[in-house]
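Letters A, B and C name the chains as they come in the text, with residue numbers starting at 1 for each one.
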Amino acid sequence: MSLVAAALSLGAVGAFFAALLRGRPAGGTAGFLGGLAACAIGAGAGFLLLVRNETSGAVIPWSSPFGALTFGIDPLSSFFLICIYVVGGLSLLYGRGYFPRARAGAAFAWMNVLVAAMAVVVIARDAVTFLVGWEVMFAASWLLVTFDDDEEARAAGFTYLVASQAGVILILILFGLLARHSGGVRFAAFAAAGAPPGVLASICFATALAGFATKAGLWPLHGWLPQAHPAAPSPVSALLSGVMIKMGIYGLLRTLTFLGPPPAAWGLALLVVGGLSALGGVLLALAQHDLKRLLAYHSVENVGIIALGIGIGMLGQATHAPRVAWAGYAGALLHTLNHGLFKGLLFQAAGAVGQSVGSRDLEKLGGLSRRMPATAVLFLVGAVAISGLPPLNGFVSEWLVYLAALREGTLAAQKGVAAAAILVVPLLALVGGLAAACFVKVFGVAFLGEPRTPAAAAARDAARPMRVAMALGAAACVAIGIAPAAALRLVAGPAAALSGTPLADADPALGALRNVSLGAALLLLVTLGLLAARRALLRRREVGAAPTWDCGYVQTTPRMQYTASSFAAPILEPFEGLLSLHARREGPEGYFPMHARDERHLEDPGEAIVRRMLRAVALVLSPLRALQRGPVQLYLLYVFLTLLALLLWQVPS
Amino acid sequence: MNPLAGVTVHLLMLLALPPLLPGVIGRVKAWMAGRAGPPLVQPYRDLFRLLRKGAVYSRTVTWVFVAGPAVALASTFLAGLLLPLASGRAPMAFDGDLVLFAYLLGLGRFFTMAAALDTGSSFEGMGASREAAFSALAEPALFLALAALAMTTGRLSLSGILGGLDALPAAVPAILLSVAALGAVLLVENARIPIDDPATHLELTMVHEVMVLDHSGPDLAVIEYASAMKLFITSALLAAVAAPGLAGHPLGLAVGALVVAGTVGLVESVTARLRLPRVKQFLVGASALGAVALAAAVFTRGAA
Amino acid sequence: MSGVPDLLLALLILVGLYMVSTSRLHACVRAGALQGIVLGMLPIALQWTHGIVPLSLHVVTLSVGAIAIKAVAIPRLLLRSIREAGVRREVEPMVSLHGSIVGAAALVGLAFWLGERMVLPFPVGSRLLVPAAISNVLLGFLIVVARRKAITQVVGYLALENGVFVFGLALAQEQPILVELSVLLDVLVCVFVMGIAIHHISRTFDHVDTDALASLRE
């Protein structure tokens, strides 16, 4: 526990010096070193605490109106600490190479604050501390989203502000309900009091789901994500997508620990939300050709998968199937960690590409594999991981969710629950297939083939710190994929705590995972063997080089390669009924056509929702504009009058 | 039979039998067209011929192009290890291995598509795009059918499912529907008519063939061999489901796979390739069949 | 000699009124310095007459520190930044000086009324303590609200803060930390002043005039 405190303080010190010295290289170095040390200590602390399965607490007395600040550690918190600090450390390392010296200080300052705030959220044990951490987390992330201070960043910042605070209001309501029921604000009191009676429990759950879903980016409250994450600088996007949205997941899980064993209806609700997020996210991702926006939609998809895992876990609890519950929660938690790792890797690679080429538009890239070889390989690792393909880590966590769904489907007595659970299987398959298709598109269009623009042809590989950070992330993905049993030991504790099963019940899945390890190792061995055999065969043969076969076209240009939109068009076509597709076509005319144009945009219903929310907020608040006249003295007068009013109100009584 | 012998037979079947299936298909099609047709072992000869050749590589390609065939073969081989070909229990069977089975095939597809895009040619890109669209729609069908069978038998591994089918007479409707769905999936996975025409040489009409247009020599041999292996695996799976009781009997499964191949040949001879939008409808129909199979499984489970 | 604290507090209120009514910037600043000296002497006076505030090294340091900061350091900084920023020597009021004096008198009256109502549960060193504190706060606010120049607003903030300090003295026995916190607030004021000096706000905003900040209007 003291290690965590050390990590927090180091982070704060690093942030302080970075902010103080920002604008000078010393600020950047201070922030980086302090932050890196904090992340190393924090991750180490998380590992130690998790391995020891420790549950402890600490109280800092404070004269705040609600009493002391309570902190605590349990397996769930330790696991999330690992997620936060590992991804945080990787982002800082990457940022070292990404940010120019002049801006690095401010960036590292806010990143350190963000990481520290997330850690506070995870170890908070009363509502006030939680909310303080939550709001500081929001403030730091908002500063980072608007860091670049251009049109896109400002718009994204505003959307993020409104969406986030809407979520906070819901969380406040949740805590209010729980506090009224338990008579205090400590989490221990919430857990002891259990679920409020009758429909109030479902209201609590619904509020929690809505509030935390806004932060997590679940459909339909995800509209802010595709604006905010691309607008932020890439190291920050990695941190936001990789960990910050998982804070919503943490909040939801923590609320579940208060409310006790859930009824099946809640699990079904989560399955619906998760399924819609997963499918909607991947479809919308397919339609994007901005690299970072695409990745942001994939975050929506993966959070949907995590929600599916949690939903199955809840169903398992409701139907008294401890193994199902365990597998579902374990899959969701492991996917949280995995997604942090591979999404961070992908955003970092995308940032390297964006920085090097100067554009994030897929249609302007191409052939980057020869110019940025390290980034290409690492992006491929991330792409295979996020598609959930063996032998990498994405497969392991998705497999756990599949297993849980299959078990629940075949074992559950209630037909409705069994049907719902087993329907998760083809849904995940569809989502996985679409995700793989999307990443083949991205990898193929961006990194393979010929460069489509001169900027792409002139690209250079990423700086050393960036490559190291990406390589570490990729190594972690491979490691978890090949040796999943070790990773499973990380999630076993929290999953057992959440599902209410003793730790020993985890064994059956562990045994199966040994085979997965074996399979992964065999796969790599056979592939390498085949490649070696090929090389041996070709050594004595004639190997020639020629341009790609072009069916007789005399002057193929790189622009004639298949574009990202073309690749995605047939895949999206069956789903056109679900999503509104706007297409603009000017076909080629005449015998020697000079122009042709085909543009497709997919309208995201989530963004429409957020837009409507913004308009409502603006409508409500615009009368207040009359108060904003200009002179500073007027605002101070408001403060003064309020003070007078308070004095007059309180004192005579 | 003892485990070691079982593994040996399994490997033998997996490695040696596959090229026979395209030979059978070719022979059946020729017979239907009134020709004599190539000998059954022709694919073996083709493969050895290709292995003896050199290779020509495009100047645009990178290591991805070289890795594509290798990964495709490795993943297909590993998927084959999950089927109960030689004994009631596959060498690497475990609960939930049907997911690994499907995803291994997906991995092979991923790298084949990436290798196709590596050439920087519109034709390969077209093929990759269509392949992506079709396989994305075929995955749910496959999983629906397998899930239906899992619910019917109550087992979660391929070996368990395939072994447990013959004991359940009440599961016949679910099995029939699953067979139909799996048949459609087989046609898609192996790029057969009515999805794709392996015999055409018009790039604009091909799906799978056009993805491998630029491969030559040993690479092409590996690709053809991997396709044959995938055909064998999916045929064996279909045979085991269609004729419950075949699982674990190597000879029976081999014959069953050959029968399936022959049926594919027949289908290829009498139908024409579907137009591309119709292919997607076909696949959605397959998914619907799978869903009905699942529903049947859910509602007859209580009775079984 | 029970009258000494009363005298000091009355002096405090009068100086506050002077600050509101003067039209010369230097006089305003010097009045602030005078308030600082008075405040420095208060703890000692309170201890001496009533034995309420425990006299110790602690209190002496406090007094010396308060005088050093409020009467010496801050006024000197203010005068220097007035010189460096090239601020013109007149106070520029938003409310006319006559109006300010009337308003100030009303506020002092209000302060006394509130002081009557606000009964503290423990004995205070002087009857004037609470009214003086509140009146300083209110007068400080008035200066901040009714003046244009940034420097005057800093002076107003100082007056406000002096009021808080006096109130803190009343609670010194119960919550000693409050007094130290209020001294720390002075550090904040130093930061303000330095900010004005360093950024030459007069140049950016034309005579340290906060009217230009009205461009913030929507």
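As a working rule, contacts are C-beta pairs under 8 Å (C-beta built on N, C-alpha and C of every residue); 3 or more make two chains touch, one makes a residue touch a chain.
No experiment lies behind these values; they were computed from the predicted model shown.
Asks: Taking each chain's centre as the mean of its C-alpha atoms, which one ends up farthest from the centre of chain B?
Replies: C
Asks: For the chain pair with the highest number of C-beta contact pairs, give its two chain identifiers.
Replies: Top-ranked chain pair by contacting C-beta pairs: A-B.
Asks: How many angstrom lie between the CA centroids of chain A and chain B, rounded to a whole number?
Replies: 35
Asks: Using CA atom averages as chain centres, what separation in Å is found between chain B and chain C?
Replies: 86
Asks: In whole angstrom, what separates the CA-based centres of chain A and chain C?
Replies: Comparing mean C-alpha positions, chain C is 51 Å from chain A.
Asks: Which positions in chain C are in touch with at least two other chains?
Replies: Within chain C, no residue touches at least two other chains.
Asks: Flag every residue of chain A that touches chain B in the complex, lowest number first.
Replies: For chain A paired with chain B, touching residues are 366-367, 369-370, 376, 380, 384, 387-390, 395, 398-399, 402-403, 406-407, 409-411, 415, 418-419, 422-423, 425-430, 432-434, 436-437, 439-441, 443-445, 448-450, 508, 511-512, 515-516, 518-519, 522-523, 526-527, 530-531, 534, 537-538, 541-551, 556, 558, 560-562, 566-571, 573-574.
Asks: Enumerate the contact residues on chain C facing chain A in the complex.
Replies: These residues of chain C touch chain A: 94, 110, 114, 117-118, 134, 138, 141-142, 144-148, 210-211, 213-218.
Asks: For chain A, which residues count as touching chain C in their complex?
Replies: 625, 628-633, 636-637, 639-640, 643-644, 647-648, 651-652
Asks: Inside the complex, what are the residues of chain B that reach chain A?
Replies: Result: residues 51, 53-62, 64, 66-67, 69-71, 73-75, 77-78, 81, 92-97, 99-100, 102-104, 106-107, 109-110, 113-114, 116-126, 128-130, 132-133, 135-144, 147, 150-151, 154-156, 203, 213-214, 217-219, 222, 276-277, 280, 284, 287, 290-291, 294-295, 298-299, 301-302 of chain B touch chain A.
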